[in-house]
Structure formats: structure tokens, C-alpha cells
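Okay, so chain A shows up in both of these, paired with chain B first and chain C after.
Up next is the complex of A and B:
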């Protein structure tokens, strides 16, 4: 097990691998178009683990899916935004160019390993399928065997001929990781990679992901609502609330010095095993429904510091060197 | 590579005895009918003449070969009675020594002849053997229906699949076009096309196939709409797998259950449709042996009940067997069957 806080800041003076700006996604509903994410902007640097935290429904997964243009159809629509990778905007690529980026530059690990493999195809066919669409030099068979061995299958040959229903959740997730790594992508989007697994397997999978990341020098966009997972593995993280990033900081700063009232509330709500009183802290109130999203700060109803300027849109502005926060408490000029 | 689930379905199909036996019965009957020429024919299987062997079922021999006067095909039944021939050779006829087009107008009495030692199910109004015609008719209508079924399945899968896979505007537009298309009067189209281009097997098949797929396309559209949003399809897309691969390899195998369950019923539909068209006289051109044409003969010759009775019995049996198969397949592929309280 990793120590909870570790010196994990990485050099940010390199140029970013992926630069996302103003990503806005809307969904068509009976109540009209609803903007699920609102101008989400962030940068991911090579080799880092960038966490995206937030409650269910805050727009984490939608952000990730939008990056690969995999928004659920019909309904999902990209209103604005850019995602610059290699100097190209991934979001404006044609479908055929996109096929090349998916899997090769960016690949994704999904939440439910049990549903992520086709029940009618064996592991080998599903792993080998990637090669049909991407250039690969060298022995494909060897690459697959090597990867399977790496993700912890002592006997890859047996796994290759297996069908998904013959494997456990942990095994499937390891296969998914192998699948995502085949083409050595530069960014892996891991959308709640461990949610469907039990705690011991969870740790194994995360360790594996870390190992693979270091070996292949890929960056990881880790999406989870599990803050302790973040604390253990992320280099930097952004907290999303109701479709917006409310705070972004390095992991140490995040744990020691959270700025946004929501982030403070989140950390305070974590149960402390050493605490005398067993009482659970909770943030009062409810997350607003997407159809009730307002222009102003969306945390306003639950915030004890709320004051007049909060009815305006808070911008995500820098605070100190490596922290950004969207709150008028810290953002005096734009009040 | 057959998955456990598929094997389980086969096992369940086998356990439904009625369906299982029907499948074998109909299957064997069809395979036998493929060799109709060797079972019912007015050409001998084997002929020996002047120390040489001949296989008239397979090849053409002129009458001259066997000492006749003409260069047309030898009339084997007549040849058999020829004393000249008897001295130099012999021939072995199939079990039913009648061809599908041979009329026995020279026989005593007027056609249709009642069942006799020679014609087991009697003859029709032009003195052709009913049993032979039934056998050949069975083959025609099975081949026709199987072709129709396959063509319908292919068209239905592709059109319905594209609708479901692409969704949105394509789906809505194609759906409206299908509605317009399906409201075209099928029978008039068959009559029109038949009268312009002449009636033949291929044309009739084509005309029927362009209507046959519609029902299946609805199911495929639904399946594709449902399956394309499943995680493994998303995973495939996220890994850069192209749309053609996703369509055929990721989604289609999972969407095949409605196709398989509908197939036997579409076979039944094909048989009935062809029989009905032939009965009305818009189907295959005469003198092609067909059950519909025999039914109409039966109706026109009610005093010769052997025509109608044997045709109806054959049709009834075939449809019954196909229905049993369809029922069994549906049962075997029913995902809820395991949970059904018995």
C-alpha cells in the first residue's frame, strides 16, 4: 500500500500533453437542451495522473466521453470546446481521423469490466482487433502475450481462448487495461476503473495501472468519486461540482489547504478513524438537478459563506502557483 | 468456436422432441428431394445396350444411340417395350418411373386417372403422375422459400442494422420510406412484373424478397439501437475499432437471435406465398411442378379427389413440421425460459 501522501509533484514546466478548453456538452431532453458540463478547462502533462473528482452526475464521465467523441447518441452534443493533443484539436477531427486517435493516442478504461467485453468473442479476438485499425510493427501475438503477462496472468495462452463469462471482474479489468495499453497510448482515460471491484482487487488494479503508467510513460486521466483513491494515486486533481470545475490543485495542496467551500466540505465529510466522535459530517442540502443549473455559483444554496457576488458566474482563476479555484471568496477583482 | 450459451440452446432445442424430430424429418425430406431425378424419373438410372453402359439420368442420349430413327432424346419407357432393344440390353428405372413432365395420355380412360399400381397417387388432368409432381413441387417450393428466407434475412439485417446503428435522421427517413414501400400492393406488383418481364423463378424470388425483409428489419433496428449503447461497443469505439467491424463483429452476432427465431416462420411464409401465387396462376410458369398449380387442378377436378387430397396433405405436413421447428427454436432461444416457473 502506498503512503497516503507522498512527494508526488511532477515537473509542470513541460508543455501539456492535452489541453482542454471550454468544453461544454449539452443533452437534449424533454425539458430542452441542458448543459451537463459548463466550460470545463484543464491541462494534462505527460506522465502525470490527473484526477477528476466529483459526485455522481457532476459531469466527470461526460467530460471523458466527450474527449473521445463517444457521447451517448442520440442526445449528447458538443456545444463548444477544444482538446489540443499533438497540436491538433481532437474534437474537430473527422470520423476516420478519430479512429486513428482512439486507441492509439488516447484510450479508455471503463467502469464495468463485466460489460466491457463482447460476450460472444473470446479474449484473443478482442485484443487482436486493435491491430486491424492501427499500424503496429513487430509480432502482434508476442505483444499481446507480453501485455497479458504484465497485467498479471501467469498463463496468457489460457486466458486468450477464454470467453468473458469465464473470467472474474478483476481478471476482466486487467484484460481491459491490457487492451487499453496495446498501442502504447499517450493518455489513458480511466473512468472509475475500480468501482465495480472489491477493495483488495481495487488496490491490485490501481497498482497495476501505476506500474504500467510508469513503464510506458503514459498520462492517466483518473475519474473517480473515491477521494482516498485520489489521495493515494493522483498527482493533481480537479474537483467538479454540477458541471463545472470548482477547484484544481496538486494533491498535497488539495489535502492540506482546500480553498473552495465545497472541497472543504468534502474533505470534512471523510470519516476519520482516529476521531473521538463517530459523527459523520455532511454538506447540508442537495446537489442541484441539471435542469436547475443556474448561471451563478451552483454551490450557493449549500454554502455557508455565500454572499452577493455569488449570483454571478465564478471564473476558475489561479490562486498561488498551482491552485485554481472558482469562488468569489478568493477572486476579489472579478466581484 | 461455439460458446457455452449456444451449446445450451442446441441442447434445449434437442430436448423439445417434437421440434427436434420435425427438424430432421423436414431436413431429410429436403435433402432427398434434391435428388428427385434419381427417385422419380422417366429416364433410367442405368442402361446397358450392346455391351456398353449408359446413364441417361445424367446425360443426353439421342434415340439413334439405341437403334432408333431420330436424333431427339430417346423415349425410354417406349424403348423398354421395344423387342429389338430387349434383345441387346436392359435398363433400370428409379423407384418411381415417371418424369414430372410426362403425360400418360395413351393410358386407358381419360385423365385424371385414379391411383393405380402404376401411378400410386393417380394422375392429374393432363395425365402426369401426381406423386412425381408432388416430389418435384416440394423441392421447388423449399428451394424458393429458403432462398427467399436468406435474401430477406440479409436485406433485413443490413437495412435494419444501418437504421439502428446510425440512428437519428437516417433512422427516421428510412423508417418512413419503409412504411411507404410496405404499403405497395404486393400482388399487383407480382402480376405487373410477371406480365412485363415474363414469369420465372428468379424474377418471382426477387420481387418477393424486396418485400420479405421488412418485418425482420424492425427487429434488427431495435436490437442495434439497444446494443450500440452497450459498454463493449463503446470500448471498441474507444480503442479505435472502425464502424464496419463494430457493425458486423461486435453488434451483429449479439443481434442474431431474432433472425434465427424468425427464420422458420419466414420459411412458412415463403411456402404459403408461393403456393398461393401458383394457385392464382401468377407464380411459376407452367409446366413447372408446383403445389399451388396442383391445388388449383384439385379444385377444378373435384371428382378426382386424389389430386387435392394428396397435395393438401403434403402442404399440411410440410407447414406443420416447419411450425414445430419454429416453435422449438423460439423456445430454445428464449432468454427467459430458464427462469420460467414450471
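Up next is the complex of A and C:
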């Protein structure tokens, strides 16, 4: 088989590939403008898998969509923030400039492949669309066939002429992955890439994504609510709660020593397959609705450690070498 | 005592096409399923999406009529050809649905949702039904003040509490729980499970869980049925299933669940899931089975008793050399 990629010389210095600062997104609702994410900041380094975890509605998908300026319209609005990729702020680009970033520098794997692919066009049309916007040297058809082969289709020719409804969820997700890889992007945003799939297929897809990532030296922003999946694949992760990042750390540190009361609760709420007599711990209360978001710590109502300073906004501050946490329990200066 | 039993239950959905809507084939959603739930037991049916597990639950309660097979509810046979034959059992056999956002009528208040069954089954009279609803709400951890609200005013977890209240209000013997926590956030899931377990113990309920979440079932269920493409491939007491899976599919399911343990790599199955319309010759799991041999292509193996449970495989794992399972079986 032909080599799938031209080796890219990655700089060995530790400068981030993508640096997101103070990303705030608001949505227009009947109740006025509501800030769905609140000053989200993180950095992704070349070749790493950076996880963004959190429960539904915590703003993780919105963060990803904002990076590609794909916020749902009307309503979605970027209030502030920068996302520096290759020395340019992606968020300040014009729509036509963005076309050249999407697919080439950053590509996205969407949550529901069946909804993300166009049901009226065959797979070939949808895969080849990418070449209309980006320069490519070599045979386009061969490139597409190679990729399909790599994502596990023994007969790419048949797949190319198929329509989405003729394929299973797992197959569609593999096509999405192939599509995201065509231009060898530097960053792939994978938004819940396996949520619609079954565990055995999930393992297949994740393994494939990891393989491709290794081969192409791409960074992956993995968005999922599934902490076990994170534990398995991510290098570092950030946990979001109610629009804010509450904790960020390397995955091993996170599993061993979660800092924020919310992340501690989340890990305890997961049933453990290996435990002899597993017990489920519940976090009392409910996730607040965006319209009820407060200035202070948003976990305050559910937190057993809540104390006076928690009515203020906790900043995400460093704790030790590899962790950042937004909680006054660890923030000595503010106490 | 068995509270619900099915024998060789089949539920097929016809696929029609052409100008005369001729039946061209069937989706074999439930294909020859035999299952039993005993009094006070928590039984779960586990399988991937599209394997027919929800249809099985609905067919058991007659909400989707099966086409053949036998059903016994509370030891009484059901005439599956007559939808009305389920009616006397409705009070004792309840269901909680997956999505609390669609299973509650958005135009009814909580009071109306909960008072309707109470009045219909004459558990409370019109005069004091309000007290009954208030007591119910307290039982499921909601405030009686919430009575006048509509479902949209509640979060997913709270709605599932209302759905639970609706299911338990008429003191059923058994509840079918169809993916009741999969639409909820992890931090709320445990709350709902705790609530249901407390009610189960208090009311001596039997529960039939229909779910894809094996990890959760390890925590709560007594017996697990593993379903794949409409068929039961293995059934066993929970502990046995986790310690000593016999079917290669069960093993793959257990091994591909991601866990917090980073050193444990998931097992990767190759192959595609066949379509439930055109089932292949032979064993339905053949296309993905790492151990498939010639005989597997000939016919679907029957579900036969083995050790503590039943398994539908010609070459169950304990019989395979080199899997390391031989010893655990004999000793």
C-alpha cells in the first residue's frame, strides 16, 4: 500500500498548536442573552489528545463549534475570545478565509454521522467536496480510496457509490473520520464520535482514530461525556461544568487525584467494572439551567464543601505542576 | 415464583414495498426469546442498539404485539393474538420509558399525570386524591408544591422521578425499565437508580431492565440476558456472567467497555453487524466472531444449558483451548 501521508516535520519545541483564551459564547433566548460558556481557556499541543468532558449542556460542544465559527444561527454569538492557530486568530477570520482553515487545518467529526452527512449525495460526492476548496497534488480519487481502505472498508469502490442510508452507524462514522483526514489536518475536533454507537463498535472506531492520529501526527480535541472513554484515550483533559472549565490535568493525575468536588463526585458516580462490590455514589441536586447561571461558583448548591468565598467567581488556577482547578478550596490567596 | 415468562417469543416487523405494499421481508426484532423474571428479582436484558431489546420489553407488555410464542404474566397465559388479553394485567405490569422528555404529556400537569391512574384504579377517591399525589411526589423526592407544574418545568432527572411515580402509584408487581437512565447525566443517574432500588425493596417489586450499560447492571441486577440481533446468546446470574462469560460476544462486550483503568486495552472486534432483515446462514455472530469455524456457518446454535446459565454457541469459551477458562470451569 502507498504511504498514506507525507511525513510532517513537527517542531520539537513545546509551543501549543492551538491556544484558546477567554472564549465566551452567548445565545439569544426569550429571557435575553445567556452566556453559555464563560471564559473558556485551554491549549492543545501537537500530537496530543486533549479531552473536553462534561455533562450535557455544559458547553463543550458549543466551545468546539465556536472554534470553527459554526455556532447555530440565529442566536449563537461569540462575545469574546481568541483561538490562535499557526500564529493566526481563527476567530477573527472572515468567512472566506475560514473556508481554507476548515478541513485543512482543523477538521471536525460530528456527533451523529447519520445527521451530519447529506442523505441525497453519495459518499464519493461528499468526500470529494473537500478538494473543491483545498489544493491537492496527486490523484484525488486514489487519496479517497486509500483513506477508505485505511478506515477499514475492504471494498472502497462499493462504499463510494453508496448513499448514507445504505450504511450502518459505524460505517458512517468511519466515513466521517476518513473525510476529516483527507487534508491531513493539524487538529481534529471529535465531538462525541462514538456516542451513537455500541460499545464493540465504539472500541473499533476509537482504535482507528488513535491509529490515524499516530500516523498523521494530528492533535485531537476529544469531546465526550464518557469519562471512561477519556481515561482510555486522552492525554490531558478539562472538565466543564455549567459553561466553565472547573479542572484541567493530565489524565493519570486526574484519575488518581481529582481536585474539584464536582470531578470527585463524577468519578465516584461511575460504576466500576472491576470493583468487587461496586457502589454508586450520587451527586445531590441538579445541574443549573443556563438562565440560572450565577457569577459565583456554579457547583455551590451541590457541593458539600461550599463556604463563604464560593459566591465569588473561582478562577482556574494552577495546582501543582500539571493541574489547574477552579475551586476556592485550593485557591489560597483568595481565601 | 415466576412473575413474567416468555417462551419462544417472536416479534417481526413486516417490510412492505412496491405499489401494492406487498410484504417483502421481515425485521426479526425479537427472534425466539425465552426469558423468565422471578418475584423480587432484578433481571436485565443487555445488548447493542437495534438488537431488539426494547421491542422485547414492549412485546412482553403487549404494547407491540408479538407474532408467535407464549407469554405468562403472574403465571397466567396471555392470548397473544388478542390485545385485550393484556388488559387485566396492566395494573400489575408497568413500564418506565427511556426518554423522560417524550414520555410525559407536555399539556398535563404533574397532578393530572399522577392522579389519573390513582383514580382509574380507585386507589384514591376524588376527594382525597390530592393527598395521594402529594404523598407520591414526596416518595420520589419531589416537593408536593410541584403538583401544579407542567413537565417542561423539570429537569431530566426530575422528570424521570415523575415517570417513576407514575409507574409505582398503583402498586405494580413488576416494572419494565427501558433504558431509564441513559438520557440522564452521570451525576443524576445514580440518584435515580438509588431511588428505584429503595422503592423495589419497599414494595417487593420485580424489575426488568433493558439497557446497553453492562457496568450499571453489574451493580444492580441478579440475572443478565445478553441479546444480539433478536436472539438471546447467553443468560446467567450476573456474577457468573462477569467472571466466566461463555459466549464470545459476551466476552467482547465485557472487554470493549472502556474503564477508568488505562492499562486495560479494549478488545477490538472486526467485521460488520449483519442487517436484521437478511440474517446470514448459520450463527448470527459469525461475521464478527474471532473463534468462528466451519460449523458456525451451517446453522444457528440453540440456547443450551451450560454450567450456571445458558449459552447459544457451538464452541463456548470454556471448551476452547488456550483461553484459560478451562480451569475455572472444572474447579
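For this structure, a couple of remarks:
Just so it is clear, the second predicted complex is superposed on the first by the 314 of 335 C-alpha atoms of A that agree within 3 Å, B and C clash if a C-alpha of one lies under 4 Å from a C-alpha of the other, contacts with A are read in each partner's own complex, and residues count from 1 in each chain.
One rule holds in what follows: contacts are C-beta pairs under 8 Å (C-beta built on N, C-alpha and C of every residue); 3 or more make two chains touch, one makes a residue touch a chain.
All figures in this text were calculated on a predicted structure; none of them were measured in a lab.
After alignment on the shared chain A, the placement of chain B and chain C results in a side-by-side fit free of clashes. By the touch criterion defined above, A:251 reaches chain C but does not reach chain B. By the touch criterion defined above, A:25 lies against neither chain B nor chain C after alignment on the C-alpha atoms of chain A. In the superposition on chain A, A:68 contacts chain B only, with no contact to chain C. In the superposition on chain A, contact of A:165 is made with chain B only, not with chain C.
Applying the stated contact rule after C-alpha superposition, one finds that A:325 touches neither chain B nor chain C. When the two complexes are overlaid on their common chain A, residue A:284 makes contact with chain C while staying clear of chain B.
In the superposition on chain A, contact of A:101 is made with chain B only, not with chain C. After overlaying the two complexes on the shared chain, residue contacts for A:36 are found with neither chain B nor chain C. Of all C-alpha pairs linking chain B and chain C after the chain A fit, the shortest spans 6 Å. Shared contact residues of chain A, touching chain B in one structure and chain C in the other, are absent.
Those residues of chain C lying in contact with chain A across their complex are 48-49, 155, 157-158, 185-191, 193-194, 212, 214-216, 218-219, 242, 252-254, 256-262, 266-270, 272-273, 288.
Partner chain C is touched in their complex by these residues of chain A: 55-56, 168, 170-171, 198-204, 206-207, 225-229, 231-232, 251-252, 255, 262, 265-267, 269-274, 278-284, 286-287, 289, 302. Those residues of chain B that touch chain A in the complex are listed here as 1, 3-5, 167-168, 228-232, 234-243, 245, 249-250, 253-254.
Residue ranges on chain A touching chain B, taken from their complex, read 68, 70, 72-74, 95, 99-104, 107-108, 110-112, 115-122, 129-130, 132-134, 163, 165, 176, 179-180, 182-183.
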